[in-house]
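Below you'll find a set of structures to go through.
You will see two complexes here that share chain A, one where it goes with chain B and one where it goes with chain C.
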Partner chain A sequence: MKNKSMKKFSAALCAAATLMLAPASHAQEVVKFGLFHDFTKVYTFVADEFSQGQRDYLALLNEEGGIKGHRFEAIVRDHGNEPQRGIELYNRGREEGAIYFDFLSTPVANAIAPRALQDKVVLGTPLHGRGDAMVGEAFPYVFPMMASYWSQAARLLKYVEDTQGGLKGKKIAHVHIDTPFGREPLPILQKLAEQKSFELRTFAYPSPGNEQSAVWSDVRRYRPDFVLIWGAGNSQTVSVREAVRNGIDPAKILSVVWLTETDMKNVGESTAIGIKRVEVVQPGRDHPIIQRILDKVYKTGKGAGPEARVGNTYYNYGVADMVIATEGAKLALEKLGPPLTAEKLKAGLEMVNNLDTKGFMPPVTITPQDHQGGGQARVSQWDGKAWVPVSDWAAAYQDVVWEEARASAAKFSQGK
Partner chain B sequence: MDFLFLLELFINGLNTGLMYSLVALGITMIYKASGVPNLAQGAMVMIAGYLLWATIALLGLPLWIAIPFVVVLMFLFGLAIERWLLRRMVGQPVLMIVMLTLGLEILLRGVGPGVFDAAPKRLDLGLGLAPLVVADVFINRAYLIGAISAGILILLAAAFFRTRLGTKLRAVSDDHVASWAVGISVERAIGISWGIAGVAAVGAGTLWGSVQGVDWTLSALLFPAIAVVILGGIDSLLGVFVGGIIVGVLGSVIPGYLDPIVGGGTRDVVTSVLIVLTILLRPYGIFGREDIERV
Partner chain C sequence: MFYRQSGIYHTRYEATRRLWPIPFERWQVGVILLLVLAAPFYLSALYLQSYLLPWLIWSAATLSLTLLMGVAGQLHFGYAAVMAIGAYSAIHLVRFGLPFEFAFLGAGLIAALIGCLFGAAALRVKGLYLVMATLAMQYLVDWLIINVPAISGGAHATLQAPSARILFFSLENDLVRYYFALAWAVLLTVFLLNVKRTSFGRALVAIRDKDYAASVIGVNPFRYKLLAFFTSSFLGGMSGAVLAFCFYRAVTPEQFSFNVSTQLVAMVLVGGLGSVIGAFLGAGFVLLAPMILTNIVAMLSDFGWLNVSVNLLSHLPLMIYGALILGFLLAEPLGLAKIYDNIRNYFLVWPFKHSRR
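Moving on, here comes the complex of A and B:
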C-alpha cells in the first residue's frame, strides 16, 4: 500500500514537473548563429569589434526575452582567413545546429558559398564576399544585406556628381590595394567613366600596403580632381598619410567603407580633416539600439568586450548585421512558425521589407531577387573628431551595378 | 622622360630601401654570430613596435625614456629566445633551427595582436607629414630620417664586430667547436647576438611603426628584408646597406614606370626576381662570404 502511494506520488510529481518544464523548454528554444571570423590574420583590424557588436546585439535580444520564445546563441571561432579552416568550422557549426553563418572574410565566404547553396544554409556576407551574391536567383542562400563594394563605389561617384555639377571631364584616381578586393569596383568605375565621360586612372599598391610612397608620387603628378582609396586596415592609414604628404587636399579623398575613427586617430585626428568615406551604418552611441545595449548588456556586465568599443564604426556594423539577420528570424517565426530552420530563415530574410531602424542604417528591403537589401549608403566626412554625414541614404547607379552583378552571377550559374 | 619624377622615385626608393635594411640588420647580426638565418625578425620588429606603443600609450612614458626601456626589454626578449628555444636545438640540423624561427614568426604574429588588440596603433615620433620639397621633388621626411638612422645603426654594428666581444661572436659563427676549445662561451655569444637582433628590431619597429602604425603588418617587412640579405649577402653588413638600397630603388623606380602600363602590382615581382636571380647567379650575395667545405 505504502509502495503504491509512493508510485502514485512519484508519477504525479513527474507529471507536474513535465507540465512545469514544458513551457520553460519552449521558452528556451535556441537559435544558433555561426559567427566565425579572422581574429588572427588579415581581417584582425575589424573582426574583434564586428564580432563584439554581433554578440552584444544577440545578448540584448536575449536580455529582452528573445524573439517569440527563442533565444540566440553565437558560436564564435577563428578561421584565420583560411578557407580550409573555414570549411571545417562550417561543418562543425552545422553539426551543432547553426542555421546562419557569417565568416567576414571574402576568400572564406567564397569557399563556403557553393556549400551553403547546396546545403541550404544561410550565409550572411555583409561587406565581404562575392559582389554578385546580391542576385537572389543565382545565390538563394547568400545574403550580402548591405551595399556591395560596387554600390559603394557608385554611391561615392554619385556624391561627386551631385556636389560638383556633374562628372564630365573630371579626373578620378582609384588608389587601391592590389588584391581582388581592391580591384573589385573597377568594372563599375570603368562603365561609369564611359557613361559619364570622366577620366579614370588606377593606381595599385602591393599588399599589405605598408609602403606606398612611389604610388602616391605618381598620383600627385596625375593631379586628380578626386581620389578614391580602396584598402583596409593599416593600408588605409598609410594611404591617407601619403596623400596628405603629397599635398592632396583631404576633401578630395573618398574612401571605401573601411576607414574608421581608429584609422583617423592613427593618421592624426587633425591631419586629414575633410576626408570622406561611404558608410552603411551610423557610427557612434547616439542611437536607441546602442543605448539599449549599454543599458541592458553592459550595465549588467554581460558585454562581449571592452565597453569603450561600443559605438565604433565596425562595432555598429556588427550590430547592424545581427539586426537584419534577427529581423529575418522574427519574420520567419511570425509567418512560418517554429521550429526555425535555415530554409525558414532564408524565407524570413526575403520578407524584410523597408526595415526601419530610425536612421541606424538605411531602410532595408530584401526580396527573393535582391539580396543586397537595396544598396543604399551615404557619404560622411571627418571633422577632426567624428564622422559627420554629408549626404542622405541613397542607392546610386543601380542599373549599372545590377547589370554587372547579373552578368557575373550568370557565369557562376554556368559554372564558369 | 620626366627627370624629376625619376629622381623622386630614386630618392624615396633609396630611403625606403635603407628602412628595409633596418629589418635586415637583425637577420645579419644573428647570422654573423650563430650561422642561423632568423626568419622571426619580422615578428620581432612587430613586437618591438607593440612594446614601444604600450610603453608610451599605456605606461605614459615619454618617447626618449620609452625607446631605451624597450631596447632593454627587446634585448632580454632576444636572450630569452636563445635560452628557451635555440639552446635546445644544439646539435640539430640548421634546417630545423630555421624552421623553428619560422614557427616563432608565426607564433608571434598571432600573440602580438592577441595581447595588444588587433586594431592598428599610432606611434607618433613628432616628425609631421609635411614633405621636404627640393626642386619640386617631394622627399618623405620620415623615410629620410629612417634611412639616416639605418646608416648609423649599420655603422655601429660594423664597429661592434671590431670590438673584443664582436670578434668572439664572429669566431663563434665561424666554428662553434673551435670557439669552445679556446674557452669562448658559445651559448652566451649566441644569446648576445639574439639580444642585439632584438635591439635592432626596436630601431625598425620604431621607424616603420611611425610611418605605418603598429599592427601585424609590421611583420610582413620580413619579405623585403629577406630580399636585402639574399642580395647583399646574409653575413655582410655592407651587403645589408647596399642590398637595401638596390631593393628599395629598383622596387620604387621600376614599378613607377611599369605599374601604369600593366595595372600595378609589380613591386613584389621586382623583389621576387631579385631574389631568384641572386640565388641563381651569386648564391652568397654581392658581399657575402663563400664558404668552402673541404671533404
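Moving on, here comes the complex of A and C:
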C-alpha cells in the first residue's frame, strides 16, 4: 500500500517536472471519447475485449505523444443494453465534453442516432446500429466505418460465387436468431437470390438461442449447399455444435462476423475445422500496431486488461475502431486546426481516404456520402488453431447493398 | 410535528372526503408540483432529459399497472407489450395522417382491446396461471413486432416517431415534451388517487380481496375484471405512446422486451402494491438507482479509491442495486410507500410513540 502510494507520488512528481520543463506548445489538449458498452447483459461476449482494444490503442497514442499535442481520454461506463441508461450516459458524456460516442449495442445506438444527428456529435456504430447509417447524406453524424451486416452477407455470397463458379441453382440456408439482428440480412439475401437465381430458405431459432436442435434437423433435411449462421455470443457456438451433430460439413458453414477463437474453443478446437467466417479486421498479434501496443502499453503495465486477450478477434476490432476514429481526429487537426470539435471530427472522418494499415484492415475510404468506409471484408477459415484468410479484402454486390440502404435511409429522412 | 391535525374539524362531508385533509400535506403536494413545473428552469438538460423526464413517464406507466395489480389484484407480466402496442399504434396512426391527439387516444384504445383479449384469461385463471397467460401476451407481441416488418419499420426494426403537434405545440421541442409527459403523469396521479373512491374502484378492490365474496355482494367479476384490464391497458398504451414520442423518439422491439415487463412489475412491488406515491418511488428506484449507482462507482474509481477492472466496475452497481432491493424489502415488505408511511405516522403523533390507525 505504502509502496503504491510512493509510486503514485513519484509519478506525480515526474509528471509535474515534465509539465514544467515542457515548452508551452506541448500543453496537451484532451479529446474525450465516450465509449459506453454493455458489460453486463447481452453484449458481454464482445464488450470486454472490444473495450480493452479501444482503450489500449488510445493509451498507445498517448504514450507516443498524442496527435498534434492532443491526448485522448476514454470515458468507459456500462449501459446494460438499456436505452434509457444509454441516453443518460450520452447526455452526461456530452456535458463532460465527449465528441465521439460508441455504444456497441444496436438498441442503444438506434435510440441515440436521432439525438446525435440533432446535437451534431459523432456516433461511431461499427458492427452495430442501423445498417442504413452508411448513407452519409441521411445520417451525417453516424459512422458505421466497417462493413455492415448487409455487406458481410454479400461478401459471404460473393465468396461462394467465386469459389463455386457461380451461385446459380445453389441451395443456401440462412439460419438466424429470431431478432431484428438475425433478420437484418434478409432483404439483401432475397434480392441476391432473385438476381443470381439461387434458392434461399431461412430458418429462425428463438432468442437467446441456447436450444436449436429442432431447427437444425430441418436444415439437415433441406440439404443445403451452404449454410449462413447469423447469431452472436453463445448462440453461435450452439449453432456450430448442432450443425456438426447433424452431419453438415463445417466447410459449408459461413458465419457472420461474430465467431471467434473463444467460440471455437468452446465448441472444441477440432470439432469444426474448416468453418468459415467473414472478418473485417485481421486477428492475431502478428501486426505492427498490435506489437506497438504490446511494447509500449503492456511492457509499462498500462494495459487496460489481461495481456492474454491482446490479439483476439474482438480486441483487434476495438483497436481498428479507434484507428479509424483517431485518423479522423488527426486529419481534422491537420486540415482544420484546433480546437477539435465534433463538427471538425465529422469532417475529418469524411476525409479518411484509403487509410493504409498494412493489412490490419481493408483500406478505408469514408466520404460524405459513404460512411461505411467502402464495405470491404474477407473470408477466413478455422484451421483448428487460428483463423486463416482464404480470400482477399473486397467489397461485394455494393450496388444491391446501397440500393437497399438508400431506400431505408430515405424512409428514415421522411420519418423525421 | 409537521403533520399537525389540531384545529382540523370536519363540519361538512366534503371536508372529510378531501384527498389531503392535513394542511401540511396540501403544502407538500403544492411545493412538489411547483418544483416539477419549474424544473426546466433550474435543472440542467442532463438531469431534466435523462432523469426527471423518464421518471415521470415510467411513473405514469407504473400507475397504470398499479391500477391492475395493486387495486384490482390481477397480475400482469406482459405490461411492456401493452405499452409496445400503444407506442407502435400511436406512431403508425400519426404516420397514417391522424392528428396526434386522436392517435394518442387510438393508441390507448387499440392497446385496451388487445389487452382485454389476453385479460379475458383472467376470467378463468388466477394467480400464477394468469401470469403465464400475460407472459404469452408478451412473447406473442414481441414475435409479431419482430416478424412483421410493416409494424417494426423494416430491416432495422427501428421506427422513428414522426414529428407531431399536441394542441398547437410541436413535440420536437424539449420543453413541450417535458410538460406533456408531466401533464400525463399528473392526470394519471389524480385519476388513481380518486379511482379508489368511486364505485368502480371499490368494486375492483372487492374483487382483489376475494372475487367470490365480491360476486355475492353483487359485483359482477366478469364485468369488472375485464374493465380493469381495459382501463389499465388503455392507460398503459397511452403511457407507451408518451414514452415513444416524448422520450425514445425511435422505437425498437428491445425497448419493450420481457425485461421491461419485469422492471415494471418490480416498480409496482418495490414501490408498494396499490399505492400512488409508491408508484413514483418504485419507478424512481428501479429506473434511476442503476444510473446513479453507476455514476457513484465510476466517480469513486476516478478518484482512485476503487481500483478494480472495468468489468467488475460495471457489475458493482448491479450488486449494490440487488442488495438495496433485498434490504428495502426485508426492512419493509410492503415497499417504499410503506416506509414513507411509517415516517409520516411517526411525525403524525410525535412526540408520542404510537399512532392510532
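In this text, the second predicted complex is superposed on the first by the 389 of 416 C-alpha atoms of A that agree within 3 Å, B and C clash if a C-alpha of one lies under 4 Å from a C-alpha of the other, contacts with A are read in each partner's own complex, and residues count from 1 in each chain.
One rule holds in what follows: a residue touches a chain if its C-beta (ideal position, glycine included) is under 8 Å from a C-beta of that chain, and two chains touch if they have at least 3 such contacts.
Just so we're clear, the structure is a prediction, and the values are computed from it rather than from any experiment.
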| task | Once the structures are superposed on A, label A:234 by its partner contacts, choosing first (chain B), second (chain C), both or neither. | result | first
| When the two structures are overlaid on chain A, which partner does A:84 contact: first (chain B), second (chain C), both, or neither? | second
| said: Under the stated touch criterion, which partner chain does A:187 make contact with: chain B (first), chain C (second), both, or neither? | reply: second
| chain B versus chain C as contact partner of A:406, first or second or both or neither | neither
| request: Figure out whether A:107 sits in contact with chain B (first) or chain C (second), or with both, or with neither. | output: second
| said: Output check: A:40 vs chain B and chain C. Expected answer is one of first, second, both, neither. What do you get? | reply: both
| task | Have a look at where A:48 lands relative to chain B and chain C in the superposition and call it first, second, both or neither. | result | both
| query | Which partner does A:302 reach: the first (chain B), the second (chain C), both, or neither? | reply | neither
| message | Let me test your reading of the model: by the given contact rule, A:215 touches which partner, first (chain B), second (chain C), both or neither? | response | first
| task | Take the contacts of chain A with chain B and those with chain C, and give the residues found in both. | result | 39-40, 48, 178
| Taking the complex as given, what residues does chain A use to touch chain B? | 39-41, 44-45, 47-49, 176, 178, 201-206, 208-211, 213-215, 217-218, 220-221, 233-235, 237-238, 241, 244-247, 262-263, 265-266, 268, 271
| query | In the complex of these two chains, what residues of chain B are touching chain A? | reply | 2, 5, 8-9, 12-13, 16, 109-110, 113-114, 117-122, 124, 129-131, 138, 140, 143, 208, 211-213, 215-218, 220-221, 251-253, 255-256, 259-260, 263-265, 267-268
| How about chain A: which of its residues touch chain C in the complex? | 8, 39-40, 48, 51-52, 76-78, 80-85, 87-88, 90-92, 94-95, 106-107, 110-111, 113-115, 130-132, 178-180, 183-184, 186-187, 304-305, 404, 408, 411-412, 415-416
| query | Contact residues on chain C for chain A in the complex? | reply | 44-46, 49-51, 54, 95, 143, 146-147, 152-163, 247-250, 252-255, 287, 290-291, 294-295, 298, 304, 309-311, 313-315, 317-318
